[in-house]
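First up is the structure itself, then whatever we jot down about it.
By letter and in written order, the chains are A, B, C and D; residue numbering begins at 1 in each of them.
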Amino acid sequence: MSTSKELRSDIAWSTADRVVVKGFDLAKDLLGQINLGDMAFIEIFDRLPTSDESVMLNALLVSFVEHGLTPSALVTRLTYLGAPESFQAAIAAGILGLGTVFVGTVEGSARMLQEALEGVPSEEPLDTIAKEIVARHRQANQKIPGIGHPIHKPIDPRAERLLEIATDCGFSGRYVQLMWLVSRVASEHYSKTLPVNVTGAIGAIASEMAIPWNVCRGLGVIARSVGLIGHIREEMGQPIAREIWFRTEAEATRHLRPDL
Amino acid sequence: MSTSKELRSDIAWSTADRVVVKGFDLAKDLLGQINLGDMAFIEIFDRLPTSDESVMLNALLVSFVEHGLTPSALVTRLTYLGAPESFQAAIAAGILGLGTVFVGTVEGSARMLQEALEGVPSEEPLDTIAKEIVARHRQANQKIPGIGHPIHKPIDPRAERLLEIATDCGFSGRYVQLMWLVSRVASEHYSKTLPVNVTGAIGAIASEMAIPWNVCRGLGVIARSVGLIGHIREEMGQPIAREIWFRTEAEATRHLRPDL
Amino acid sequence: MSTSKELRSDIAWSTADRVVVKGFDLAKDLLGQINLGDMAFIEIFDRLPTSDESVMLNALLVSFVEHGLTPSALVTRLTYLGAPESFQAAIAAGILGLGTVFVGTVEGSARMLQEALEGVPSEEPLDTIAKEIVARHRQANQKIPGIGHPIHKPIDPRAERLLEIATDCGFSGRYVQLMWLVSRVASEHYSKTLPVNVTGAIGAIASEMAIPWNVCRGLGVIARSVGLIGHIREEMGQPIAREIWFRTEAEATRHLRPDL
Amino acid sequence: MSTSKELRSDIAWSTADRVVVKGFDLAKDLLGQINLGDMAFIEIFDRLPTSDESVMLNALLVSFVEHGLTPSALVTRLTYLGAPESFQAAIAAGILGLGTVFVGTVEGSARMLQEALEGVPSEEPLDTIAKEIVARHRQANQKIPGIGHPIHKPIDPRAERLLEIATDCGFSGRYVQLMWLVSRVASEHYSKTLPVNVTGAIGAIASEMAIPWNVCRGLGVIARSVGLIGHIREEMGQPIAREIWFRTEAEATRHLRPDL
């Protein structure tokens, strides 16, 4: 079949006595010495994090793990109800809804910021760029990613704390400033409080850390998979999925039943 | 529709200014202070880990993150090829194969150990129990979970290191001893080296930490989702999925083609 | 890398002017001439169905398509809520719960029947076999697959109709008889009506058609994916997922909230 | 929690002796009388298809079922390798890659055609609209959906046959004409043969049948789930997944290994 491209991967290899990941001997260099968030850092950057990077990335990930009975958690519980033998399938099902509406929105804010500052000299004032962003979304009648929250007003406590950590760890530069400015300009334009929300904060800080926007959704996916384990564990002992199903079915089809 | 059961979850709740997870204020108590593995600990145990527990659980999780171009990694890359807009779907697809053959096997070893020692007084000798386990699997012609590895011989370096950390952290008790004994007895019975492999070590240590066996597969799922991000990132810049597809298709259907 | 096994697939191949599936020219021999159920038949049996086989397999599949607001349908709707751009992910999520509790149970009844009659001479009386099956499940304290239904009593209307079609189409042989006998013996033993349910009927008829038990779960998966499309379509115009989420979250975490 | 919206679904309901789908008694009105493609029609249109509609929709679906060892089929096989106990998970994994690159492209062509003709009077000439479509895609440097194929040249045999059936069944109107014109205009502009491909034909015909573009991806998902069953069945007896894994791993990591 003519010439073919070589298959090549630089991530990991193993022999009888070693597993090597990104040049690190997994057993000798990593186990017992780094935490799970650091390992995510290695997967993204091919090197160990500094202490600040470790704190920052772990904080970003931890902020995403748990938000209670989200649609994602309900999906995992309802899937577990039907296939308790497939733990992995219940987690995977819960992950599948992390798209453009929930969690995946972190990708939107990171992309907006990274594209806005790509190739822009560091002396260029950010307020003009913020105004352009708001104007462009307004014209296209699009929601601005990373600002506003239905519940957390006037400020999302997770966003505030993450940005505080970012300052401490040296990740509060132009992306974070631009995110703040977008929030301020948009709040004025729309005459309502549109605070930087948690996905906006994560998108901005991830940009400061040089995480490409198209990898950011992955942070949410990792984190939520951790949280979904807690939901399966609770569902095992204190189930709600079956009751949700019964109630929904009864209420939603009541009008169709001749006998009721 | 008669009486219905109350829906109740004790995991998390949020108001305008707080997100509370297992009684912890997410922003104030957790962000910047714990790592992702610790957050997994909270999801499983409803409390913060001790320092030893933190090291141990993070080590278990890190040991699982990356094993190179596994079937799971190939699945994620091939899914990304068709749906690059659905990052979460590529991760979810990769997770779906973590069943009874790969990774999910950790559940098998943890279950075997936990069921064997349930209600057994601590003075009862473990070698009899190990012999029973091996005999039972032999009779039923079943593979013993947690021992043997096609590549890592005579000892799986990850298993060895994890058990070393377990000793340091105080998690090397009767479950670990029983796992060693099962390995030794089985090696004698089958006259070949059947070392404790990484899933055996994780299963034993997880049992020492009091993680229920039916949650153990979740540890592998969390960990692998971290690793799969590295594979998507590599596939973005240095793709192999399309080439695997083309080669496989060409070779596997060659005999059907009239013109070749 | 030493010798490697040849990759070989006999399913399909294509050239510039042809797509050939199982020896059939897709465009010339199949399109416009067979229906979707027949195509499933070709995938399972590598040949076209007879007229009776076409009616029977389509009936089995149609019987599975829709059962209203099942957990599976709720999962699809809740996933669509978060990732409306990934239609395929919403369907896939809904499919993931078709395990050992719902739909996948068809595998259980088919396996029970196929294993019970494997190598059994056709003159051997079935009632002894039925008694053995019931006794074995009773001893092991296991639910007998294929009988009993929480709602459809004394008889599942889908089961009854499918078995009628099976008689008309020549698929009512020893597997169907054995299924009936298991239902009768079990009803006596447990002193309650345990009718052949729809998964029992499908498992028995699929066995008559010589569909291996380990493929039977696939029939349910195909069929439900058809039904899930209807649920996404309805969710688009008449959504319920968000309301289910809000209500569940509010009720289940009410006891945790200090202000309520 | 204040007022809540009513949950309502009009799809199906069941009682002890009936399962009713879209007003049809499943057992009495549908089983044995319609095929699986017709059931898909009911899910989309809430009514039975005419004879022409039945032939047409089944042909669209059948055309999508099987295209050999696609990435999707490889994903299903590799997932089955790790989790053979979760048939449904292997199918779901294969479905997840049906996104914007493969199969899901049918959504693109249907959307392009439906948006182009929305509110356009039937006497308005189509060639101007086709030119606008081509020009717009050219300006935006976007691929035009529904035309061109890497293998099937000068014409995709499935597309040709589907359009023939569409003529016979009365589904060859302005959407189909517009699709042809787009193909012709684009072929001129780009000076190469860009035939209507199978997703273009399906997109156009689905539009003729009044299937909304945002449901079209679902047709591909249903159909491919049928085909994936054939791939699992073949993988059971004539496996290739393990060999693909071993070869890929060996070749792709060869350069990392010190001993080779």
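Everything that follows uses one rule, which is that a residue touches a chain if its C-beta (ideal position, glycine included) is under 8 Å from a C-beta of that chain, and two chains touch if they have at least 3 such contacts.
Given the structure is predicted, the values throughout are model-derived calculations rather than measurements.
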{"item": "Chain groups still in contact once chain C is set aside, others held in place", "value": "one piece"}
{"item": "Contacts common to chain B and chain C (chain labels)", "value": "A, D"}
{"item": "Chain located farthest away, centre of chain B as origin (C-alpha)", "value": "D"}
{"item": "Selected interface, B-D versus A-B, where C-beta contact pairs are more numerous", "value": "A-B"}
{"item": "Chain B and chain D: spacing of chain centres that average the CA atoms, whole Å", "value": "36"}
{"item": "For chain A paired with chain B, centre-to-centre distance based on mean C-alpha positions, whole Å", "value": "22"}
{"item": "In chain A, residues with contacts to at least two other chains", "value": "7-10, 12-13, 15, 68-69, 83, 85-86, 88-89, 92-93, 96-99, 104, 240, 244, 248, 252-253"}
{"item": "Graph class of chain-chain contacts, one of line, ring, star, complete, other", "value": "complete"}
{"item": "Interfacial residue positions of chain D with respect to chain C in the complex", "value": "1, 4-5, 7-19, 21, 25-28, 30-32, 34-40, 42-44, 54-55, 58-59, 61-63, 65-69, 86-89, 91-93, 95-99, 104, 107, 151-153, 155, 157-158, 160-162, 164-165, 168, 212, 214-215, 217-218, 220-223, 225-227, 229-234, 236, 238, 240, 243-244, 246-247, 250-251"}
{"item": "Contact footprint of chain B on chain C as seen in their complex", "value": "6-10, 12-13, 15, 20, 83, 85-86, 88-89, 92, 96, 248, 251-253, 255-257, 259"}
{"item": "Touching residues (chain side chain D, partner chain B) in the complex", "value": "68-72, 74-75, 78-86, 89-90, 92-93, 96-104, 240-241, 244-245, 248-249, 252-253"}
